[in-house]
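Each of the two complexes below includes subunit A, the first together with subunit B, the second together with subunit C.
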Partner chain A sequence: MKGFKPSAPILLLLPAFVVLAAVVLVPLLLSLYSSFTPFRLTRPETFFVLIGFRNYISILSNPDFWWAFGRTVLLLTIALNLEMLLGLGLAMLVEKATRGQRILRTLMMFPMMFSPILVGFQFKFMFNDNIGLVNNALQSLGITQDAIPWLIESHLAFTAITIAEVWSSTSIFAILILAGLLAMPKEPIEAARVDGCTPWQTFRYVTWPFVMPFAYIAMTIRSLDVARAYDIVKIMTDGGPAGRTELLWTLVGRTAYSDARMGLANAMAYFSILLSIAFTVYFYNKLAAARAQIGAEW
Partner chain B sequence: MDENASARLIRRTLTVGHRVGLFLAMLVICLPGIWIVLSSLRPTVEIMAKPPVWIPQQLSFDAYVAMFSGIGKGGIPVLDYFRNSLIISVTSTVIAVAIGMAGGYAFARYRFRGKSGMFLGLMLTRTVPGIAMSLPLFFVCARLGIIDTHFGMILAYVALNIPFTIWLIDGFFRQVPKDLAEAAQIDGCTRWQAFWQVEFPLARPGIASAAIFAFLTCWNEFALASQLTRSVNSKTLPVGLLDYTAEFTIDWRGMCALAVVMIIPALTLTYIVQKHLVGGLTSGAVKG
Partner chain C sequence: MATVSLKRLTKRYGNMEIVHGIDLDIADREFIALVGPSGCGKSTTLRMIAGLEDISGGNIDIGGRVVNDLPPRSRNISMVFQSYALYPHMTVRENLGFSLKIAGAAKDDMDRRVAEASAILGLDELLERRPSQLSGGQRQRVAMGRAIVRDPDVFLFDEPLSNLDAKLRTQMRTEIKKLHAKVKSTVIYVTHDQVEAMTLADRIVIMRSGYIEQVGTPDEVFSRPATRFVAGFIGSPPMNLHEATVSDGRLVFSRGDSLPLPGQFKSKTAAGDKVVFGIRPDDFYPTGHGLSSGGETEVHRLDLPVSITEPLGNETLVFAEFNGADWVSRMLNPKPLKAGDRIGMSFDLSRAHLFSAETGKSLRN
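Coming up: the complex of A and B.
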């Protein structure tokens, strides 16, 4: 190997690759393998029995799995869109404020500091049908007499989870979109106003294209850890009532650790990984496109 | 009413509307946190009271005292959890930032084949959901006998943080003009010296933010920790929260107190980091 000299960037990236290979890649390959076995934690010898695609066939023909899959996609769609809209609104409110920018920005980031599991407990506490803040407030204001079973009725539970999820992640969008608004040059807006654009037109054709890449950065970052919802759901309802709020991730966790059916769970886990990768690649491409679009103007 | 007066009226309405909207938004954002702090300071009777008690009659630090007085006195081993959390988070942050600096520098300063593909590939390793990751990792760790140890957790968290740390640090190195390091090299520095004397000091605030961000990720992580830890040997604070839940009841007051203990370090660190964080996330990604 005399004269072989790896280039500097490869050498610099090597530690990162080694760690990621050891902690992410190898276990993933292992789990790929075990998704083709009937592996149960309680019976180690099953690790070496190959059963082909039977795990995949059994999850694909399992309606519970498809419900969980659909619910996960639904939750992500609703939550991401709401977070985007609310984040945009919040960022514009804060940008317009003439005083107290610094304190407002800090307050805006408040939910980002909460661990997802903490968000789960906090909203479980607030949505508690008996002693929760939400029901107490509704009853004290005389809006309703009965205790609303927030976490017990299936649609309400889904709503409560969505609220918790949106509360915890809107600030990521808000803070990045605010950064976009602040970085934006002011001349185009003035030019648009002089040319007689309505406020809506100014927003739609001048502000929005500038802010879009920042929104996609937020989307990309969010899609990197969409699975945060696992912690929240795990704590708030643990998939209940009767599996009505079961997401892909809680289903994987339950199959693996409560039922100890690792092989089956790994097959499901692969679906959730593919889902996450699809989200990330989609937004990453959008980001690249949006960047190229304003690249010429900057 | 003449035109001036009506224009003034519209403007005033808009200002008032803006204030009200801002106030409501901030209220929604802060209310859950305030409620937790409040609940940790009032007796359980008041939390459970029906009809609700809105204004606390008496405030006390009983929940905190009970929590820190250890097992057997109504507390949980919070100090152990706190120590575990601190050791695991700090160690993995330091390692992740060191590796991230090398990687981020490579992405910011060199051109090489497959660069953007590699970058995306790195990001994709981060998308693997914690719970999906925990199954094989649990299996590997159990085989290697590093389950319920600090080492296993640190290793997992380093891997968890590397992609994001590289993204952030890459952004900060891009903000440092290339010419500065080149000038230093012309003046006789080696590349290594130029890095430490010129580029590192300039990127330092950004790298500090990346470190804080990595720390917070470890500090708050639950999905992996809940499977890879078993006992006071390595349980972290987020897993410790579960100690306050019994099968059918939850000690809300104790839990709120622990939540406050968890949130205070996070709050302080995020406040320090906020400005640099946004700069780092956007600079690399927008200016390409």
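Coming up: the complex of A and C.
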């Protein structure tokens, strides 16, 4: 090896580069490539047949795909807004607590400590129409005599999934907004009180603008989370009944592994990532605007 | 505009009493300074008047109305905070107009009042900027502007200048004085800086550990301090205060050095009394180089060794050794001196102070 002497930094970084290339770059390129082939897991030779954009055309003209796409956006909108409101409420209550705030903060993070798969199982049990906690409670309280088919009727199933999603992730909003509230200087709030603000006006004009960037950070994180929602849905309804709760990634998973149509699934996946990128860009812009507005120095 | 009256005003946190039932009457349009060392309860008192702290006992009366249980927004007060407390997400214009907007003022009325305040404080160039784009002094002016647009009954200032550098502080002090002359309103001004209190206030309230030590005009608290604490707190450089015992018409200090007992205190002390003797640097001066008016009736002269001098340009502080301690003096026509030089010093005893060593109260009255 005369004449080729790479410098020490390059040599030291090389192993990391090799590993990264092997586990990230190559699979990424391969999957992108396969989205232009009719690749089926059961027929390996199809991996080498190029069909151009036919996969993309076929998914874009497939109503099932668009339904899944729309449902994902709907879930994202509803879940994020609910989580935002509940998280804000929780954070403001915890901030008011003068004693035991640490323990409350820890308790608040409990839902985040459970695997989404387990959350799925838990809610699947709770919403079971025969033995579930929810129906049991509703019937015991005399609110209804019927066994409500929570996971069987399509709208109710979607509601149940939303509730599970909100339960497990509201704490992300709560924690981030609480961080904002705790970091906020108290004098502007006092100034607002002296300036004639009612508690609501103080919140509306002073507290909220300050906390907004923190809420947008949570929004960004959660939009990525929900856009790739898979586990809770997979366990609770598996996209059912009759595909009525199918989301983007459950559809991708089904196409890839149940139907073994890997090329098509990869095309869907790449298209779905556009959704995530769009939301990230949107919330980042909002975040930047909100930060500029409060003159944040971070 | 309004009077403010505090009656037996008390603040407790749990079992700790911070403000011990203070009484204070403030006249309409009066500029009152609450001054004292940190932890003396002056800011707490101000915040109770503002309604930002609950009161634990007593009464607060603004303009003839007991406001104890009213929230801050119903008290018609304005407050300027130490940290300015501007709304960071609003422009200067929005900051100024915020209270009017909340009160539902008409657009043109709001614009007019914001323009007035901005003109008074010279903020016209800055109206579209945000607080983060302003310097400390500019932020301070915006905070004051925000207070004056409301035309409140009472202005409350909570150490408004302590975040500014020394030069800007002097400048803003003048601005506040001009402002008060223009807007003519009742002002309660909290500061730990006795110079600010002296220069700005009609009357000064000196607080210590939750009690009021003395209330008086700047001249009163300077020339006739009611307690040893006030004597030491007001005035810069501070008054020389040293413990002594009355004996045979003389004041004998701890190491045996003595001075004649000033005439005005002769009838007020008895032999053996423990007292604190106080004399301001202006009244203890190098003979021929001080504030002597020529009319002194009771001057006592001594030759004392100089321990150190501090030239300040317009004057020189001379520390002379007497009774084993350094006594500070002012020399107005400086002459070269070095440590160890002996110098003739004059004590103007007619202007000296005597306090009870036990209670700290002045023996003048």
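The working rule: the second predicted complex is superposed on the first by the 268 of 298 C-alpha atoms of A that agree within 3 Å, B and C clash if a C-alpha of one lies under 4 Å from a C-alpha of the other, contacts with A are read in each partner's own complex, and residues count from 1 in each chain.
Throughout what follows, a residue touches a chain if its C-beta (ideal position, glycine included) is under 8 Å from a C-beta of that chain, and two chains touch if they have at least 3 such contacts.
Note that the structure is a prediction, hence the values are computed from the model and not measured.
J.: Tell me which partner A:210 touches in the superposition: subunit B (first), subunit C (second), both or neither.
T.: A:210 contacts subunit C only, not subunit B.
J.: A:72 in the overlay: touching subunit B, subunit C, both, or neither? Say first, second, both or neither.
T.: neither
J.: Between subunit B (first) and subunit C (second), which, if any, makes contact with A:55: first, second, both or neither?
T.: neither
J.: State whether A:188 touches subunit B only (first), subunit C only (second), both chains, or neither.
T.: second
J.: Could you figure out whether subunit B or subunit C reaches more residues of subunit A?
T.: Between subunit B and subunit C, the winner on subunit A residue contacts is B.
J.: Taking the superposition as given, does A:197 touch the first partner, subunit B, the second, subunit C, both, or neither?
T.: Touch status of A:197: second partner only.
J.: Touching subunit B and also subunit C: which subunit A residues?
T.: Looking at subunit A, the two contact sets intersect at 294-295.
J.: Can you name the residues of subunit C that touch subunit A in the complex?
T.: Residues in contact with subunit A: 50-52, 71-73, 77-79, 81, 83-89, 98-99, 102-103, 130-133, 146, 150, 156.
J.: Mind pulling up the subunit A residues that touch subunit C in the complex?
T.: 185, 187-188, 190-198, 201, 205-206, 209-210, 293-297
J.: Touching subunit B in the complex: which residues of subunit A?
T.: Subunit A reaches subunit B through residues 7-10, 12-13, 15-16, 19-20, 22-28, 30-31, 34, 89-90, 93-94, 96-97, 104-118, 121-126, 130-131, 133, 136, 139-140, 167, 171, 175-176, 178-180, 183, 213-214, 217, 220-221, 223-227, 230-231, 249-250, 252-253, 256-257, 262, 265-266, 269-270, 272-273, 276-277, 279-281, 284, 287, 291, 294-295, 298.
J.: Could you pull out which subunit B residues touch subunit A in their complex?
T.: 18, 21-22, 25-26, 28-33, 35-36, 39, 47-52, 54, 98-100, 102-103, 105-107, 110, 112, 118, 120, 122-133, 135-137, 139-140, 155-156, 158-159, 162-164, 166, 216, 219-223, 227, 238, 241, 250, 252, 255-256, 259, 262-263, 266-267, 270-271, 274, 278-279, 281-282, 285-288
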